[in-house]
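Accompanying notes for the structure given below.
Which chain is which? They are A, B, C and D, in the order written, and residues in each are numbered from 1.
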Amino acid sequence: MGQPQQPEGAEVAAAATEAGTGATGASATRPPLRVGMVGYAFMGAAHSQGWRTAGRVFDLPLDPVPAAICGRDADAVREAALRHGWASAETDWRALVARDDIDLVDICTPGDSHAEIALAALAAGKHVLCEKPLANTVDEAEAMTRAAEAAAARGQVAMVGFNYRRVPATALARRMVAEGRVGRLRHVRVVYLQDWLVDPQAPMTWRLRREQAGSGALGDLGAHIVDLAQYLTGERLAGVSALTETFVRERPLPGGAARGLGAASADPAATGQVTVDDAAVFTGRFPSGALASFEATRYATGRKNALRIELNGERGSLAFDLERLNELQYHDATEPGEHAGFRRILVTEPEHPYLDAWWPPGHGLGYEHTFVHQARDLVHTIAEGRRPDPSFADGLHVQRVLTAVEESAGKNSVYTPIAADPAAV
Amino acid sequence: MGQPQQPEGAEVAAAATEAGTGATGASATRPPLRVGMVGYAFMGAAHSQGWRTAGRVFDLPLDPVPAAICGRDADAVREAALRHGWASAETDWRALVARDDIDLVDICTPGDSHAEIALAALAAGKHVLCEKPLANTVDEAEAMTRAAEAAAARGQVAMVGFNYRRVPATALARRMVAEGRVGRLRHVRVVYLQDWLVDPQAPMTWRLRREQAGSGALGDLGAHIVDLAQYLTGERLAGVSALTETFVRERPLPGGAARGLGAASADPAATGQVTVDDAAVFTGRFPSGALASFEATRYATGRKNALRIELNGERGSLAFDLERLNELQYHDATEPGEHAGFRRILVTEPEHPYLDAWWPPGHGLGYEHTFVHQARDLVHTIAEGRRPDPSFADGLHVQRVLTAVEESAGKNSVYTPIAADPAAV
Amino acid sequence: MGQPQQPEGAEVAAAATEAGTGATGASATRPPLRVGMVGYAFMGAAHSQGWRTAGRVFDLPLDPVPAAICGRDADAVREAALRHGWASAETDWRALVARDDIDLVDICTPGDSHAEIALAALAAGKHVLCEKPLANTVDEAEAMTRAAEAAAARGQVAMVGFNYRRVPATALARRMVAEGRVGRLRHVRVVYLQDWLVDPQAPMTWRLRREQAGSGALGDLGAHIVDLAQYLTGERLAGVSALTETFVRERPLPGGAARGLGAASADPAATGQVTVDDAAVFTGRFPSGALASFEATRYATGRKNALRIELNGERGSLAFDLERLNELQYHDATEPGEHAGFRRILVTEPEHPYLDAWWPPGHGLGYEHTFVHQARDLVHTIAEGRRPDPSFADGLHVQRVLTAVEESAGKNSVYTPIAADPAAV
Amino acid sequence: MGQPQQPEGAEVAAAATEAGTGATGASATRPPLRVGMVGYAFMGAAHSQGWRTAGRVFDLPLDPVPAAICGRDADAVREAALRHGWASAETDWRALVARDDIDLVDICTPGDSHAEIALAALAAGKHVLCEKPLANTVDEAEAMTRAAEAAAARGQVAMVGFNYRRVPATALARRMVAEGRVGRLRHVRVVYLQDWLVDPQAPMTWRLRREQAGSGALGDLGAHIVDLAQYLTGERLAGVSALTETFVRERPLPGGAARGLGAASADPAATGQVTVDDAAVFTGRFPSGALASFEATRYATGRKNALRIELNGERGSLAFDLERLNELQYHDATEPGEHAGFRRILVTEPEHPYLDAWWPPGHGLGYEHTFVHQARDLVHTIAEGRRPDPSFADGLHVQRVLTAVEESAGKNSVYTPIAADPAAV
């Protein structure tokens, strides 16, 4: 079959491919949005899929261009660039941020580097997409929020990567709450259950070290459910009472050098200290008077990715489970009791958020589509000069909740109020 | 079709019917257990069904005889006796307790009268079955527990009516925990969700007045889930941190006179004060280090009777939902990941607790069967001189947990330890 | 605790107990309905529970009296009478039918004796309740239907025991179809899946011999689903095309003598021929043009009692699964697609059929309640002189369908029309 | 943000982009597989996503290059090329097939053109991927199969696009069957339920015209379930008995000109004849003696994409529902009955087919991933010179089943045997 040759038919993407931009869903008339991404692990792969695909599926006002990917290991980042379709590679995020052919910096690193990169990128005039949690401390998150607000005045957008807002079912839930279908809110119950630490011999990772991860299940899973609860209700938590626990305090080091764990140990008995929480359970109040309960854990044996949220209000209830992400449960309390019941809305129809651009009715989406939708929404936000949703201020409030959880857990679970910011969720 | 006449065939139950005992499943050789029941509302009907049916289905060492039913309204109690098959009626529980043809007093009244009746019955030498919660205060529950212990020395049995231990699926779950199938426990999450108060115009009832009900959702629903969590885990809660809430503080009085609400009001605008909690959310710790979360509410729109409990341990998980009471979910973490998953055990097979006496495989039971099983278990406990399960001491510990929940809720959710009793759960 | 004595309180059921009738839920003013039941195995136990309980729960116009039970083994039937609360025992059904203190004959025997007993009982002026299938042949069923029609003119009621019409969820489904909520019908799909024959070493039973059982899965399970499909749709099947199969043609004889299998074999290798179908799959048409599919099997590994039916129509769909018998799935096609979905109606509310007499919302019923409801409905039918539902004519049509299934299966699955009777379903 | 410029960092995809090939996941060392796709509607979009993504996620031996897309409308196909990332566009499939820079022809057109294009592509030395159903007639499918066999001798691969074999859950099911976990097969029941024709006013489309679509629900949905049933069991259907129905025989023409429907009608009352089946129900036998039942319909109100299949065997059962495509239900009949039950395997773990290349545990995939997996598998098949799975012979057997269904339906549902081919499934 020989070597690739010039195509013989009408060349349709000539301008784009000649420019070497790898534009996705390019048209001659759409301006590009050149993305530089820092980090290329799990989140980097997911974001790459989002940037590659958004313009293929949605009609976008800007054309996302995967321009540069950045990581410290030159070989690995070059390989990641090839794999994930980025046009160039960098080994120093500062160099990436300094490039004038980058419009947006997408931060997919562990939480300890979010603040530094985001502040630099905003200072350099870039738009920023920052993975969650926004930061490892409230101080960092406050600085980032202030910078984002200043940058907003210059037309820059700074968004946090709470991708679970972009599941069609959660987006539909938010719409239904806004339409009044839940009514006066009474209860919110949310759990995020995983089980990858159940085995006490599961090895150490950077996610179990406070200096990098900030916290454990709390920052990883808890951040998602706090944001989702606030997003769906349209309210910000007023206070929390919490218990946290580290069930297994020492774990074997992995055979090879893990990032941030120093050199690989030749000693099979070598162990590392787990310095973050394994699980957090907490209760809280919303300003409307609703009660909330939360649980984030990596020890829920058999639960792989069970982010479950339920809202109960005077007019109805909504329930969602990430393990069945194409479904939303809805109970309409205004119906006659004889025929009432939780209905399973298969959120795969053209009437549903994001869905008219995808497949025929009933053809479900997966986890990664949240990143496609995130890319789509961010492109629109930038092009239309709108306020980002979720903003860094939203990320800051989540960080305040996480900090209040840790404070409460450290003070005998005493109810710990959370400062309200003027900005809306 | 004329009047009833003497049957012409072999008369099979002559002795029993001549004695007018209404014996259930009687045989000539089985001694009777003559039951006197106080109360004839919802719980009275359920207990009646239990007493009537147990001897028809199970081979019992004693023959339960529904001897007397007691209530304050003479006409109503006589009608209830006819309806539910009790041989005689009383209008004063003291008279019932004094009768020497009663072996067991079954207390189905609101919580404010449990202590007085139970103490009198024990003093009169009767066995006692007391509905949950054991009492409205820890002091009462302590007195009852002391009396029960003294009576035990005289061969009397005193049991609390935590009927949800008698669902085949929960009994199977307990057996599987005892077999080590859950292993080292990490998490317990329990909710009991109902929705009959969602409508702010739902009328007052004795269940919403502290002086009769003791507490609201907490004592009614919370007592069940605390007991069930302790029963399944085999551990007693070490402490709790709690939020409680009364969402609707004033409700219309019902048109007619409700028990304990005084005379019916002619004023349609007349309202009564709700003096109990509408909902309680709390977290806790078990002595083994496991974390627990609880929620009891009457405002979970669309949830009718959703008592849900899940246990996660190092070797497996179990999950149960009372709305699907013939099923138990089980995840076996010792299986290869490729084929692992939560399995739905249809708890309707002869290998399962209580089931060999019932129907063929797959033919499910209902709510009321818990009372048949309770009657069965109590008869065996009495006949065999065993320790009751659950004992008044178990009921006392539940009462301590409920009290600790209220204390914590009153003190800014501070973690409130619960005194451990020497006796096992 | 001594011997049973006369109760000291007000004697409430004196008349009834003196008469030795064992009346259930008796009142002085209600005339009795004296039941004589033939058969005391599984169905006998279930019917007993129904007769004992109906008057305790429902306000009935007649008072069901479990007057006599009949079986061939004198000791066993006497024991069954004691166990299940029947006042007398007979060993010859002819004697039972001849008794003038019996108002209704309840036939719980295998299908080969239904016709003879029912014809005799109707001739003797009794009401009749006959277990399904109505008979083993169309000829028998026709004779029974003619006799029932003649008896109806004399005020006698003859009903078939299709108890699955009495599940609250199926009764609700029928009501919703009648209200037009399904609309123009397009599809009916029904299966009844059990698995008790999967093991080729499962022993012989009378249910596997054509001369007693008439047919196998077809008559046992198929009869139920044909009746239920016709009941819910309000239509009678117009024709069928069928495949049947006997997967395991020889099975070990049980160790002891089984009814109808002759003397117990001392030879462990002794086997018996299976002369009925193990499974039947068939398709069909309803007069309205709807397509139907059916499957009845005892080889559906892991399915214990999965009677599942779904109706699809222009305005909506309904779905039911006997393994979750307190639930009905309903899809309302008139709702906006955005919020539409199959809802799970928890059929446990006072608005639902039969439920106002039972427990509070969300407290589910079980399999046996279908027999309580059957007893209730039959009592009303008799007292009010109404047409029985289902009538023997309904049972006859089911028999015609089963026969057509066998005919089609015997003739290369050719579509086999079914004669329509003038009477409605 | 100005015009796109040359990236400043290390250019990682220079070779590929310079060549204008739009290579996906390119590496310098991997030879390309240049794809030319005919058709750009729903299937074209899905295949595009597959070709774009496969090399980004999986390590492939060849690098898929979306070289050319073909359609009759020049503007529309050029737009599709830009949207979906194809390097060039053609308006005549003959020109595409003639290009020597195309290695594989991917046929995404309606069934009436499959044979002609596939035969030409095979004659031109191309590999072929052909959407299902393979053809509209058995004659065409036979010719295609013969051509594919001849081409196989020349090293060409011809595969049919039965993408539902590539759902991780169905691939896992196939593996489990092959491991003997189902054992001797007794039952297969399969339905494919959609509802987009329930409304009698839903407009005409080419899918409802026999000359283009070949058949209706049968070829569209029935082809999928016949293939999947044969794939999972490893057996080919031996015969069928069928009913088909066209519920609505006339439908409004769409406002604009639809492909193949001729010019748009200005008359709003203009209608078109539906000349295909709306639904098909059929039963069948597998050579092993297992019974099967099938249903394909577009009138299952509320069911959007419910492809459900269940296998029951002596050792276990498997069940799958496309509406919950990340799950597989498995019942292991070798376990003790006490703990047995259908388990829900969340097919999202690294041990599962295709999953190690995707996201962390519990992060589900969607419909479109079947096309990514199809591209992956086809690339491996070509590179490794293996027999394609499914082959055109597999597609031919499906076509024979569909034809037998139509024959049986036309001959009073008589059981219609299906010729067995020597080749395995």
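Some notes on this structure:
Here is the rule we use: contacts are C-beta pairs under 8 Å (C-beta built on N, C-alpha and C of every residue); 3 or more make two chains touch, one makes a residue touch a chain.
Here is each chain with its UniProt name: A, B, C, D = Gfo/Idh/MocA family oxidoreductase.
Small disclaimer: the values here were computed from a predicted structure and weren't measured.
Common neighbours of chain A and chain B, listed by label, are C, D.
Ranking every chain by how far its Cα centroid lies from the centroid of chain A, the top place goes to C. Chain C and chain D, compared by their mean Cα positions, are separated by 45 Å. Centres computed as Cα averages put chain B at a distance of 56 Å from chain D. Separation between the centroids of chain A and chain D, computed from CA atoms only, is 33 Å. Multi-chain contact residues of chain A (touching two or more other chains) are listed as 303, 331, 340-342, 346, 349. Of all residues in chain C, only 1, 3-14, 17-27, 31-34, 42, 46, 48-49, 52-53, 56, 65, 67-68, 74, 78, 81-90, 95-96, 99, 101, 103, 194, 196, 303-306, 322-326, 346, 348-349, 359-369 touch chain B in the complex they form.
Of all the residues in chain A, the ones that touch chain C in their complex are 172, 176, 328, 330-332, 336-346, 349, 351-352.
Interface residues of chain D facing chain C in the complex, by the touch rule stated above, are 186-187, 189, 191, 195, 198-200, 241-243, 245, 247, 279, 281-285, 289, 291-293, 295, 297, 299-303, 312-317, 331, 333, 340-342, 408, 412-415.
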